[in-house]
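Please go over the structures that come below.
You will see chain A twice below: alongside chain B first, and alongside chain C after that.
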Partner chain A sequence: MSAAQRTAELSNLRFSLLLALPVLVFLLLVVAYPLGYALWMSLHEISFFGGYKATFVGAENFSDVIDDRKFKKSLWITVRFTLESVALAMVIGLLIALVLNRKMRFAGLVRTIVILPWCISLYGTGVIFSNLAKGQTGIGTAIAYALGFDEAVNVVNRQWVIEVLAVGNAWNMAPLVAFFLLANLKTIPSRLYDLAAIDRMSRLETFLNVTLPPLRFTLFVFTCITTVLSMKLFDFIFVLSGGGPGTASSTLTYRIYKESFKDLDLGYGAAMSFMLLALILGTTLLLYAFWGRREARSI
Partner chain B sequence: MRIRLSTIWSWLALAVVVIWTLLPIYWFLKNSLLTPDEIARFPQPLYPLEPTPAAFFNIFGFEYEMADGLVRRGSGQANQIIRGLGNSLIVSAVVTVVTLFVVLPLAYVFARLDFPHKNKLLFAILLAVALPPVSTLIPFYAMYVRLGLSGTLVGLIIVTLTITIPFVTWMLIGYFRNLPQVERLARIDGFSRFETFVKIIVPLGRSGVAVAAVIAFLFSWNEYTYALLLVNGTTANTLPTAISGFLFQHPEPSHLAAAVVLTMVPPALVAFFLQRHIAEMNLVDPVR
Partner chain C sequence: MKLRATAMAVAGSLMLMSGAALAESGLEAQSGETVFFRGWQYKTDIVQDNVDRYNNEQGGNVDYATVTGDYPAIMEQNLMAGAELDVLYANPSQAGRYFDGGWIMPAEALPNIDAIKADMYPNILDAWSYKGQLLGLSYFVSTRGVMHVNLEKYYELGYSDADFPADWDALYDQLYEMRDKGLDQPFLPHWINEWYGISWGFDFEVMNRGGQVAHPDTHAPLLTTDADGAAYKTLEDWKRIWNDGLVPEEVLTYNESSYIDAYASGRYVFSPQQLYDLETFNREDRSQIAGHASLLPYQGQSWGLLDSAVYLMTSRERSDAQTDDVKRFASWYGYQDQTGNVFVGNRWMQESMLFSGYKSVMESDAAAERMKSALAREQDIAAVLGVYAATPYPKGIWSVVWAEEFNSWLKETLQEFLQDDGDIVETIEAINEEIVDLNKKYGL
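On to the complex of A and B.
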């Protein structure tokens, strides 16, 4: 290649910059700038009444959050909700994938039905599940009456509201998990199942030794994705339970919403949202350290 | 005729999956077809005894005369619903187009080229995916209040892009990586790098590009958190926030149901396309 050609031909770096730089600048504007601004806000007390005013208070917002009992309660609710959501979404996703992996008629139709919950919005899911679980309209009440009982069955109560939320959330997320696991399942050569049959493996052994290994990295990635999605979930909870009854389902996101936009304490809300971000990143890093790294190496 | 036991089991499993998926939707959908009399009943009937599409006319402000001569009046919130529908379409269309323009080159660069600090920048994109919308909203909210952007479509479009761009980029990186290595061949044929991208890579990856467009559309169509806090109660309200009126102010179950069913139409229309192509997107690869 001549020198003239080389200069006419853009280098890798310059071409990347040319394509990506405007975009990265935009991303910086819409992600880094707000994050920086939020950090600045978390160090100030912001008031809107009588004009916008910000007073520097240092780390006071953060120490207030840590001392806040409501914060600890919300933290626990978020953890419980996330654990239940992720477990349900992964198990149901895997089961759906296994069911869909068989040869069947109308496969396109069945798969279209199965992916629907993921396409529907989260507020829609919230409305659907509040209709399904509340005593007045719920399916529990209808079944109870059909069986001859005459008592309303309401599961959106202090005791069960988080489980209702987790089921609805899993209903929404499971199809995505299922479709990516299904794509993995399709890559397993059927020859391996024949060999397993020759080895007289039981169904469980076949599942553990043939089916599961190629899925493991995908399972890890989707455990991370569903964890992040559950921890940052807001609109679904807002619509279904509004953080209630009382504060029984006030996850961190709901509390941040309330502190920031109802009580307009934006500095305090910003400080709490950094705690949530730390929780999200911390959990994913832990998942990677204890699970993902091992799986990545084994591939 | 003998049917194998395993066949029965697999049909049963399939039935459970379909019921698990459709039962919650059905239980809600039926509300939109119930008569006011049926809705007031306790417990509610398991299926509409006299299914009527009245609510679907009502939410657009039309009266509907029932078989028994009873007229069901149009909803008082019809104007908001119609405006919300228009705004939702505008926001979703603009967000989809902008997202594609931004994301295609970005994902291509990350997938196919090497440059310094690539992994750090990739991490920044994944971080943006992990940001909770309520957190992102706090600085935007303060900023918009001061700039006068709250309650405008422009403001809503900008924040919605913070959801669609990182996620779709991440999706497409894995997709572009798996396309055949045609760059060298294209260069031999005299294509410049830019031409290679526009004339070869994008057409080659058109199903991925289509999925990206559909996902961007779905995400902005389904977006509620930002709309709730930025445009709710203004002339820029989108369909979901317009529906909130039914949720919290005037409980009218059949109108609420009909309006929510309306929001589910686009997702239902793209479901067939998505189930065929979603798994081509490789969410797992960029993480590896």
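On to the complex of A and C.
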């Protein structure tokens, strides 16, 4: 082979870059451009009335967001909603996985039924839980009436609305968690359980020493996924509670929606959305630092 | 043979006459382009039927669809983006903002605008005009916040028509009497979780009590913090009935249909509802108080506010021919059809007792008959017309570019006021400050 022929060949790196080029262009269009545009908006005050106008304001939108009482309240609501959603989704997902891992009749049918909530859109989930939780149509009222009480039981109130949202969100996410955990459970050799029986381990000891260790990395990954999904959830909250009663369920996504699309304060809304992005990135990095790194090492 | 020839000649003449009538009306679609018509979800089957009639009889190509969710915000995004949208429903409070955004074409652009204006009631014409221009054509006019009364329950409690409260103060006093008689929650307030819910409830109660939220021309805040002021008394009474448990807490989470269902259940005596929903509450297939749904008459104090909707035409980029088709359809749908009949307006009156901004609809015999059949009692017709005639319009906070922003802010503020047991004076001051800030934001 001549030298000229050799230089015409692509190196492995160049070849892989060439293959990845369409994806890189696609990502540039769908991620980088909107992100860059949002950053540009966050540094401007944008007005649509009396003619479109964008005035550069520097970091003013960001400092205003930090001082905003409503932003702080929404931040707390988001954290509370996320913590409850993730805890519920992981615990319910794990329990479902453990149940499905047992030998049972009609296992295929049961699995199909269990995955159904995950197949329902968040809008649909919002409608279902709205009807279940509100006093006028809710399950609480139905039970109360069946027991002879004539008071409606409404849990979409200020005290419980976050819990209602968290339960609905977990109901939607838990099946997915369960199926990934189930796949993990299926890889555990049955002889380990035999050895645990020989060692006379209790059920709890068996769970902690045999079942749980292979699940830990999946649990970490899904904790991250459900955290991110919960923090950026909007449609389910919009349908179920509309951010209310009052501002009781105004999460950051709801607040961003209101600032950006109701008040048309796009610069301020964009600045707030970067705060949400920082919250999501910060939380997942913390999860990795305190949990994920350890799990990754143990694989 | 002779008969056949005669019949053909007659048919031919009729066709020619019909064609001439169509040509004269000038409402037939010409461009062949699609006209996009969007609205919120209300009796969509009737709307589709109306559109089908236009398409069939006038050769139109109108594409109708509904928009669900946060209607004002969604439509604003569509208008801003220049989306495929030509004719849309809007409340006057949104129309002014759309006009200032340069997204709509005022109804003044219609060739028959003088006839349209001449047929409109002056107060309606004023409400739908912004910066001297009529923005849209009549969809409906109503009084939202008319005080409905469930006569069956009212009489059961030992009251008669002579005891009907004349104003808000008397109404609240009577609620406490009712509680003492054993009815814990006699009232379903207008505190619902719709964008027109609790905020409009505050607006109309303040106006009914003789106050104004903002000046109709300058839009400067007008609420006062003195204990006899309309806003103070409104919030004071709200706080009292909320803290005393006279209203169901879940009303804060209701949407419109839940609100109607709750009152139709017969659990409550009074509720400020939509005027045209008297028809709904008196329908046996829809309500458990059918035949007993009435309203408090005008006795010196108004009830509710003038709620209305218009058909707007957008100003998005399109060909002149298509714009002409948009005008033709808007004129046919929002005013008279090719026969000179206010077809859609009259149909809404017959279907749902929706009032119209046009005299030709409201003053017809058919409208009077329809009202009679929709009401529980003969004397309610006078009550309906009396309340309707006295209904105020909040021009100061609706005919202004920031109307929807203020409305959305007010909704949150008032819900928090109730739930946090807020301070009345601080809340009123915050409302005034918000109006000042909004005026400043838009250079008013």
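Everything that follows uses one rule, which is that the second predicted complex is superposed on the first by the 286 of 299 C-alpha atoms of A that agree within 3 Å, B and C clash if a C-alpha of one lies under 4 Å from a C-alpha of the other, contacts with A are read in each partner's own complex, and residues count from 1 in each chain.
The working rule: a residue touches a chain if its C-beta (ideal position, glycine included) is under 8 Å from a C-beta of that chain, and two chains touch if they have at least 3 such contacts.
Remember, predicted model here, so these are calculated numbers, not experimental data.
Between chain B (first) and chain C (second), which does A:Gln136 come into contact with in this model arrangement: first, second, both, or neither?
both
Let me test your reading of the model: by the given contact rule, A:Gly246 touches which partner, first (chain B), second (chain C), both or neither?
Once the two structures are laid over each other on A, A:Gly246 reaches chain C alone.
A:Asn154 contacts which: chain B (first), chain C (second), both, neither?
In the superposed model, A:Asn154 contacts chain C only, not chain B.
Which partner does A:Val91 contact after superposing on A: first (chain B), second (chain C), both, neither?
Neither: A:Val91 stays clear of chain B and chain C.
Quick one: name whichever of chain B and chain C touches more residues of chain A.
Counted on chain A, the partner with more touching residues turns out to be B.
Taking the superposition on A as described, I'd like to know which of chain B and chain C A:Ala197 touches: first, second, both or neither.
neither
Tell me which partner A:Phe238 touches in the superposition: chain B (first), chain C (second), both or neither.
both
Let me test your reading of the model: by the given contact rule, A:Lys262 touches which partner, first (chain B), second (chain C), both or neither?
It touches chain C, and chain B stays clear.
Touch test for A:Ile225: chain B only (first), chain C only (second), both, or neither?
So A:Ile225 only meets chain B here.
Touching chain B in one complex and chain C in the other: list those residues of chain A.
Chain A residues touching both partners: 48, 136-137, 152, 238, 261.
Mind pulling up the chain C residues that touch chain A in the complex?
For chain C paired with chain A, touching residues are 69-70, 72-73, 76-77, 80, 97, 100-102, 193, 248-250, 252-254, 258, 261-262, 401, 404-405, 408, 412, 415-416, 418-420, 442-443.
State the interface residues of chain A toward chain C in the complex, per the touch definition above.
That would be residues 48-51, 134-137, 152, 154, 156-158, 238, 241-242, 244-248, 250, 258, 261-264 of chain A.
In their complex, what parts of chain B are in touch with chain A?
Touch list, chain B to chain A: 10, 13-14, 16-18, 20-25, 27-28, 31, 42-44, 46, 102, 105-106, 108-110, 113-116, 121, 124-125, 127-143, 145-146, 158-159, 161-162, 165-166, 192-194, 197, 218, 221-225, 228-229, 240, 243, 247, 253, 256-257, 260, 263-264, 267-268, 270-272, 274-276, 278-279, 283-284, 287-288.
Sort out for me which residues of chain A touch chain B in the complex.
Residue list for chain A touching chain B: 9-10, 12-13, 15-17, 19-20, 23-24, 26-27, 30-35, 37-38, 41, 46, 48, 52, 92, 95-96, 99-100, 102, 104, 108, 110-117, 119-124, 127-129, 131-132, 136-137, 139, 141-142, 144-146, 152, 168, 171, 175-176, 179-180, 182-183, 217-218, 221-222, 224-225, 228, 231-232, 234-235, 238-239, 253, 256-257, 260-261, 266, 269-270, 273-274, 276-277, 280-281, 284, 292, 296, 299.
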